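Below are structures written as structure tokens.
Paired with subunit B in one complex and with subunit C in the other, subunit A is shared by the two complexes that follow.
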Partner chain A sequence: MRRTTAVSAIAVAATLLAAGCGVGSKSSTADATKTVATTAALSGSITFQTWSLKNDKFTPYFTKLIADFKAAHPGTDINWIDQPGDGYPTKVTSQVATGSLPDVVNLPPDIAHAVAKTGNLLDLKKNVPTLQTDWVKSGLNAYNYQDIDGGATFFGFPWYLGTDVSYWNKAMMAKDGLDATKPPKTFDELVAQAKVMHDNSGGKDYLMSRAPGLSDIANTGTKLLSADGTKFAFNTDAAEAMLDKYTQAYKAGYLPSNVLDNSYEGNYKLFTKQEVAWTTGGGNAITSMQKDNPSLVPNMVPSPALDTAPLYVQGISVSSKSKNLALALAFAEFVTNNQNQVDFLKLAPGFLPGTTASANDPQYSKSDGTPQGDASVIAYKDMQTAVNFTPPIWTDAMNTILNQEIAKAMTGKETAKQALDNTVNQANGLLTQ
Partner chain B sequence: MRSHRFYTPWLLMLPALVWLALFSVWPAINTVTLSFTNVHQLTGGHFIGLKNYWLLWNDPHIRDAMINTVVFMVVCVPLLTLLPLLLALLVQRQIPGIAFFRTAFYFPVIASAVTVALIWKWLLDDRGLINNLAQSMGFIHKTIPFLTDRWLLLLSAVALTVWKGLGYYMLLYMSALGSVRRDLHEAAAVDGAGTVRRFWSVTVPGVRGTMLLVSVLIAVNAMRVFSELYILGGRTGGVGGQDVSIVMLVQQAASGSDGRLGYASAISVFLFFLTAVPLLFLTRLNKNAQEES
Partner chain C sequence: MSATTAEEPRELQDPRLGTKSAKSTKRQNALRHPDRRGRSPIFDAPTRTGLALRYLTLVAVLLISIGPMLWELSTSLKSKAEDVFTQNIELLPQHPTLGNYGEVQRTIPVWHFAVNSLTVAAINVTGNIIGATLAGYVLARLKFKGRKLLLGVFVSTLILPAEVTIISKFQMITSMGLGDTILGVCLPDMIAMTNVLLMRNAFLALPREVEEAAVIDGATTLQRLRFVGLPAVKGTLSVISIFAFIGAWDDFLWPLLVLQTPDKLTLTVGLSYLDGQWSHDPRTIAAGTMIALVPILLLFMVLQRFFFRGVSEGAIKG
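Now for the complex of A and B:
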């Protein structure tokens, strides 16, 4: 009896093992590259998912947007759902795993990349002839992945674009002998002014307040990927020099001592508390500050981002598994057409539509004279040259490794070269796993 | 009297068996199965043999994770086995106001993780209460790097664990102390045994079973340490990942839309065998002690 039980257990385990060899959802790009018939009249219903946009500010806009679409296409229905800000990647992952990804879905490029790899997003290039003329190239490129179909496909309509603007606390800077109207323009100038602030305040005030990241490496002129785009190769001399400068600044006390540990609250929070005099933020940071610390707003001076500004893209994708692809595609185009994006961004100053018709619209280059208006214009100008630094193959796990290695370098446990070499080697190792 | 049908006990056990099969047996088998694949969160995978275990062997973080986890366990087990017993001895006395102290000692057990995180970070931060107090009183000139030094952070996590676990294990001991015969204490006292002698010769043997249970529970929980280090060290596992634990490696490997479920499963299987070692040791220790007595 005992022997029989043992044999049965082994047999069951072996069966499960064999079955497990193919566990997990299978990747299939067949659905992604299909052509959608758009000639017939639209009908039926679809689900549209946004990310943290159902609130007093945006709900009226989306209600009208859906009503307008339904009026133009009688017999259609749009079920709008919104997901909370936290845990969105996990939510989308579970939606893909359970086959319940909404027909039209708001996805940033990194999440879209993971979903597109599973064949769950529709290739828009094949189905939208005007894709590359109506939507801006920088936005579209964020949804074009070299590791999927050799980069021949596009998986998102650029919806709204953002970038970083620098904000300076003019009162703190004036107290320490600095002029907020002449802020640093490069990383080297930043370190120089951080030294002045440190020395003049006896080490109590800070200008710099964050450890470097991937964008700082890219801003040294370093190409993050190898020429063929398949491996990371950012362990360059320029990146090493930048990390060395950060390490020296940290050791000299130009940054708060806790920027590397878990009590670090982030540079925006420290700026809000007036513990540091510089932060980066979106083009709408002054509007946000009205809620967080209104007394600080008069002291906020915006300026262009240091070196090259980063480009942040939000997009609208279509699920390739949608049962009503024609309606889903039509609605995604409608949401992201120029007029609807312009109307949407009237509610979100500091961002720019992802359409070519608006890219050079003079209305975005004129300030109303307020600091928020100035910041919006700076954001608009920055976005003309902004770059989406983060390659789509860069994952959370890789970012954790980078942060760990940078911390080791800044605390003297490794040299900058060792830290960058280790990061590149480990990140490349993850690509093959 | 009617005899029971043979399946009656099975029917009674069915709900529990289904629960066990669904939430314990199946996940365990599935974890072992996944550990031989390269399955990712979204993209599926296939059988890769022992490659995940080879990767684990060469993982630059596994050595630190093992050291941290084992040190954490070795320090936690004696502290959380003995301190709650002493606390239980203190609060089992029936004196006015003792209920307040029992509640106070139990309070950390029910405190939410978010509250605990805020309190401990506020205490241990460079500009936190302990450093500020020590500096203002002139005890130190330079801040104590509780959250940046590898060993101080690990010891802080031990302190947090002990603080949070004391009340729970104290309750277990209070219940066990109730069954220690009072006449044994009285006889020992008559024979001239002092408080310490009676503690080791009467109390400890009387609660040995509970002590073993407590030490096993602590050892298992310590091997799975995650939240205490996450609270204090953050998602990177301290500065430079030097305070990462084995479960943190599992979490880091499996999280994100590109999470490596196969590799995370291999780490879990490794942790299972690593946990079995102290368990077998403690069981053996108890068996020997019982045979000697």
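Now for the complex of A and C:
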């Protein structure tokens, strides 16, 4: 939920960042790739910024985290600030533009990319020798950008990882002659079961409720980028075939007719209202549903994501403009070290730590028997193969083009091939702007 | 005014009967039962069905406009065990509770944020009332070189979308040393261009002759503004007060950018802490929204008499 808002604002933010830096602080990549001297004892104070984590649940954790750090390094002080969920990319943009980016910042990969491009994030590879052994590769790769230094730099410590899990409405499926314990595993099975649901309910109930997106294209085995990583090239035959299948399902009435227009509320919302029987959600969706619609919780059955699951990464970055780089770097490492991540994850079911020591820890593969426990285990299993599909150069404007072209294809105004060709051409056009 | 006793005046009174169909009028008179057509004896009053239709439409529009607010209100009163999103909207909570309001207070210092918001709103309203009045009067009444050009420049700033200027505005505010201050939040909106234009139009609506009479009586410019101009534009003043208040009270992005320290946050920014990835509860968000709604409702109730006068003022002369 929060991430979609973030993504929709990121395009604006990226543009503004470029503009903002032209006016404000002159940045150079020299700052980003400098080496931090870590020999002297730590002292002084820094600011640490989290995103939407100051609340009843997490405040005690961070208070203790900071106290622990200060006890280990007397004479240091950490000023913890938290930003609200809404408007975060713009907030970070303004901080960069005025040179007030906090020393240690919690940034998702897309925002980190925009900031790193302006030279405001410190390259961690140069300063942390154990970076590639102590933190998981999939998480690190999300902070490694082909268009910055040719991909030789890394701008974030992986902090916690999330993925999508499928959730099924047991009661609705039973009513229409389906078994939630045998949910579809592939896209083709999904369409087949959607047909059963459609036919048995007289077209009232739906299983599928979203138009395809970039991840569906990636799931066909299509490489989104050209080999050198500078251009989009996902107009392949496989993607075309996938889009054709969606078009046929849409024409047959297996999806609600409004999935292509603005009145579409999103698959999770429709699932909450019990209009559709399948949604994807984070590993903690059952816990969230407990707050939205408690009566639906007993009917939620989790299962692994269809095909390859997407990977969502949160990370901790260090500002290259920090006045106290040694302390900032030490604290960022401390926040994301194995023990602290393990403790953090105790508060966040359905997610996984970003450290190699724990990411494969079998304790996450044991359910406590509750549906939320099962979902956490499924999320753990999904995460072993999950991939971060979205290339950092993919912007919100491009996503809008993709959605529009897909809508044209699904309503029969264009062929799937035309739609994909148009999207790739227009997206590549935006790249060179 | 009984219609049955006076037939002739009634015919005159009701233009709809008119001369179009003398036959039907005659028939009706003969029946001596005007209520058969359901027509009220009062001039231009609607028929019963017409009245019913009017009220039905009114109720329908009322439901459409306050429906979402009612839903928020009912959500804020729902207990943790109840479903929030249902196929058929249930407005009456099964187990009504005020617990969500308590939770809002425990989670964020909501009253402190509200005071901050009120401060910002008060400064903005004052700034707009004084600034927009002076500027509007100058643009409407005083003659000086470059007046048209000035007006043109002012109007052209309206074309720029706020999103384009927000970062440069922010850089200006921080370089003035006003980052992270309440004044920094207020300053850019203290004199809004739309309000200046509204005031200018309101002053233009006042006949020039009235002011010329005041000039002959020896009134200075400020006296003319105070004793001739201002009494005539009270309606528009209340309109811009409400606009300035709502604008300041509802703004989210700008205070989010300017303010850093948690105890300086305004209510809209503070409330968004309720909606986190990990702590998303629609009931407490709704409760916070209801708290934020109260001052606007109060202000509108106090000013609504002037408000509608102001709206029609602009409608006639604008």
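What we mean here is this: the second predicted complex is superposed on the first by the 406 of 433 C-alpha atoms of A that agree within 3 Å, B and C clash if a C-alpha of one lies under 4 Å from a C-alpha of the other, contacts with A are read in each partner's own complex, and residues count from 1 in each chain.
We take it that contacts are C-beta pairs under 8 Å (C-beta built on N, C-alpha and C of every residue); 3 or more make two chains touch, one makes a residue touch a chain.
What you see is a predicted model; the values in this text were computed from it and never measured.
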item	value
First (subunit B), second (subunit C), both or neither touched by A:422	first
Touching partner for A:411 - first (subunit B), second (subunit C), both, neither	first
Touching partner for A:81 - first (subunit B), second (subunit C), both, neither	second
Which superposed partner A:98 touches (first subunit B, second subunit C, both, neither)	second
Touched partner set for A:53, first subunit B, second subunit C, both or neither	second
Touched partner set for A:346, first subunit B, second subunit C, both or neither	neither
Touched partner set for A:115, first subunit B, second subunit C, both or neither	first
Touching partner for A:403 - first (subunit B), second (subunit C), both, neither	first
Where subunit A meets both subunit C and subunit B, residue numbers	16, 19-20, 23-24, 93, 97
In the complex with subunit C, residue positions of subunit A that touch it	1-2, 12, 16, 19-20, 23-24, 52-58, 81-82, 84-87, 90-91, 93-94, 97-98, 100, 269, 272-275, 284, 288, 291-296, 347-348
Touching residues (chain side subunit A, partner subunit B) in the complex	13, 16-17, 19-27, 89, 92-93, 96-97, 110-111, 114-115, 117-118, 257-258, 260-263, 395-397, 400-401, 403-405, 407-408, 411, 413, 422, 426, 430, 433
Interface residues, subunit B side, partner subunit A - complex	29-30, 32-34, 36-47, 55, 60, 121, 124-128, 143, 147-148, 231-241, 252-253, 255-261, 263
Residues on subunit C engaged by subunit A in the complex (per definition of touch)	80-87, 106-107, 163, 166-168, 170-171, 174, 179, 252-253, 256-257, 260, 262, 269, 272-273, 275-283
